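Going by the order they are written in, the chains are A, B and C; count residues from 1 in each one.
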């Protein structure tokens, strides 16, 4: 590694860790990822992630044997929680992995063809999707499909790309008239070249910052759909459906709700803190 | 020079900034004196600490700045040690700052009238003017900076004015406070050359008629020659040469000053100058000795580790340079 | 005049957007699998009845024609019959809307002032305990989904510290309130029933908190950030350097430019309350439009879903127009900017 590269990494780490909270976030995220990957090994009762019934063990409060208690069917809540992490993280990552490129392309095209019919059509479509709270339409879209994790991801993706289209459009349309873009065009650079060499480097900071901050929100929305019964279906555990199951047994079996609830808060908190740190690196004010 | 004759004396002022846990030492033992009624120049490249010095005088440094040591004596009283009320009084009547960038110095969402009258009210706090009197004073000040239709300007928002108009409004706001010392931080640099020239002439006239003391901050030696009687050359947070403007221009003694003057386009010259090779050092790892050392063509071994002290060149002209001290610097 | 012109422009483009929204929603409705006549009339209806239903509801026409019929009915306020409640959707909406409006107003407007207050306090006491506390709670609350707030409130304030009516709804059964505005707290006070007003308030408090806590802390954070960022701007340094006291500087020169970005965010947050209310209303048995919409979604009641989504879209667009107007009043620059 060159000294310059090393120094820039050190500098970025300073910026990221200023205040310390982002480091806590990073630790939370890393721990969650490790737990998600090694759930089958760590979980004390891996078989409880499925449709198992153990009446002798049902409705037990938290103890050394069952850290987070057991549910009405006698399944270990801690084990189920560990198995739910993978779907939760996949939700956050996949939705963004698909919606960000779509949004970017739409935004770049609308920005590049500013003041033409292409901009009008594309940005009006974006406006349409942004004219209803994302959750409402995501619920409606999810409801017409088979309820499962994949379809809830599709529903959220449909609602998510317009934000990135708007973000990219804002940057690109203001760059459009810059001389160096005109210059690139005059020297015969194609649209693809300009996108990769000029527009992408100018938007990437904001997009990356927004992405890290958005993972938490996507996870919240996914959990919300799952809580509403439009995500992963029982017996497969998901944080949302576990809370939904637990609500029926409040207040006696509080452990069914509390632990998944705290887990969601922790995951989202972790990603949000990391997002703040990434924003500090790029000097992008996140919100 | 007698102390009581100086309106402002900065002694060994050091200021640092903290950005993302990294401390940058921007000002290193700055010394600067302004005699009463004189125009003093402060010249140097962008980023050498001129604006920081100006802001430190008024106690309006950004929140991540830290004054590490030094004194700023205004009429003999240390501004840095003033209690809040006295500091406010100093800001209201003592010194006023003209900002470099007129487009950022006016509040974008508040009318000129409100901004002008509020600052004027406090500048003349002791006189208890009525708001009608304040308004008249503001109009008078806008007239004085040759702005047509001052009433319309008062009812405008900054974005409705041109850059030159905004700069004039800022100057009017500062001058209407009738302060003793004017700190002009590169006035007009952000504007067209013609407007910049107008602004400079305006300040010069106002200073002569109102008998103000001025610090003129600039990166232009031409401006210094036109406007000031004394000059201080700043490099990377330290003043490297200073004294009577004529003497400094006649016999520039610091390699940096000489290099700066070489950069001036001359009518008889052989073309565009080459500029000064290298750039201002990183403030987080400044050279241990003379800060100009890495770029200096006259550099000696001791320059690397030792900081040069003041050497008197002429009766009112000094330099901080080992090479000059040893007589090894000769202007081309 | 400029203000008026930009508002008209804004309205015009909103109409285009809303028309687009109707197309999306209509397409969504058509995407529901199954025969709509069968879904509406049940599995035992004979074929002639189904055919008659299709004929009356133009279901045999091409889709664009169907859209036209649907739109012209929708514009007149006719959204068809709800297959779940078996009543006119428009009547259902009329009955359920006031509860949602009451909830959204309480969850939207008072927290706005709390957010500004906290943001200002936090900025002024930067890196002291009020700031640390606000930021700490901010991080936690922003990370908490609204439905988790709702569930935790039921557990904590419904059972552990029983201050909240656990059955939910808008009012305990012993009270009746004569409807005036449709908003219970106001109506109870008009009718001179302070006990009923208090009861209605307790019913409302926790759903409103669940809806607003996260957003409030988010807005406080934005206010804090923009206060701190603007505090180092030249225009603040300018007035400070003129000797204007800090208090006056903060109140007259710093607050306004710092609040403007928050106002825009707040408007969007306010509009998104309608969305988050979907689950909160359901959890607290709040008889509002959103829980009606949620039931419709879960029961594949497409007429009702479409109507609710459209109404919420309308409210959303309406709110953002109001926000734009407020922003234009606050920020003179926006009066000139091209509004899209």
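The criterion applied here is as follows: a contact is a pair of C-beta atoms (placed from the backbone, for glycine too) under 8 Å apart; a residue touches a chain by one contact, two chains touch by 3 or more.
This one's a predicted model, so the numbers in the text were calculated from it and none came from an experiment.
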Checklist entry - What topology does the chain touch graph have (line, ring, star, complete, other)? => result complete
Checklist entry - Which chain's centre, taken as the mean of its Cα atoms, is farthest from the centre of chain A? => result B
Next on the checklist: Going by the touch criterion at the top, tell me which pair is linked by more C-beta contacts: A-B or B-C.
Outcome noted: B-C
Checklist outcome for this item: Taking each chain's centre as the mean of its CA atoms, chain A sits from chain C at a distance in Å of 23
Checklist entry - If you average the Cα atoms of chain B and of chain C to get two centres, how far apart are those centres in Å? => result 53
Item to check | chain A, residues touching no fewer than two other chains | outcome: none
Checklist outcome for this item: Shared-interface residues of chain C (touching two or more other chains) are none
Checklist entry - In their complex, what parts of chain C are in touch with chain B? => result 228, 231-245, 248, 252-253, 256-257, 260, 330-333, 336
Next on the checklist: Per the contact definition, I'd like the list of chain B residues that touch chain C in the complex.
Outcome noted: 55, 58, 60, 62-63, 88-93, 96-97, 99, 101, 104-110, 114-115, 118-119, 122-123, 125, 157, 159, 170, 173-174, 177
Checklist outcome for this item: The chain A residues in contact with chain C across the complex are 21, 123-125, 127-129, 131-137, 139-141, 143-144, 216, 220, 223-224, 227-230, 240, 243, 246-247, 250-251, 254, 257-258, 261, 264-266, 268-269, 272-273, 285, 287
Next on the checklist: Under the definition above, what is the set of chain A residues touching chain B in their complex?
Outcome noted: 11, 14-15, 18, 280
Next on the checklist: So in the complex, the part of chain C that touches chain A is made up of which residues?
Outcome noted: 13, 16-18, 20-21, 24-25, 28, 31-33, 139-140, 142-148, 151-152, 154-155, 158-160, 218, 221-222, 225, 229, 265, 271-272, 274-276, 278-279, 283, 293-294, 297-298, 300, 305, 308-309, 312-313, 316-317, 340
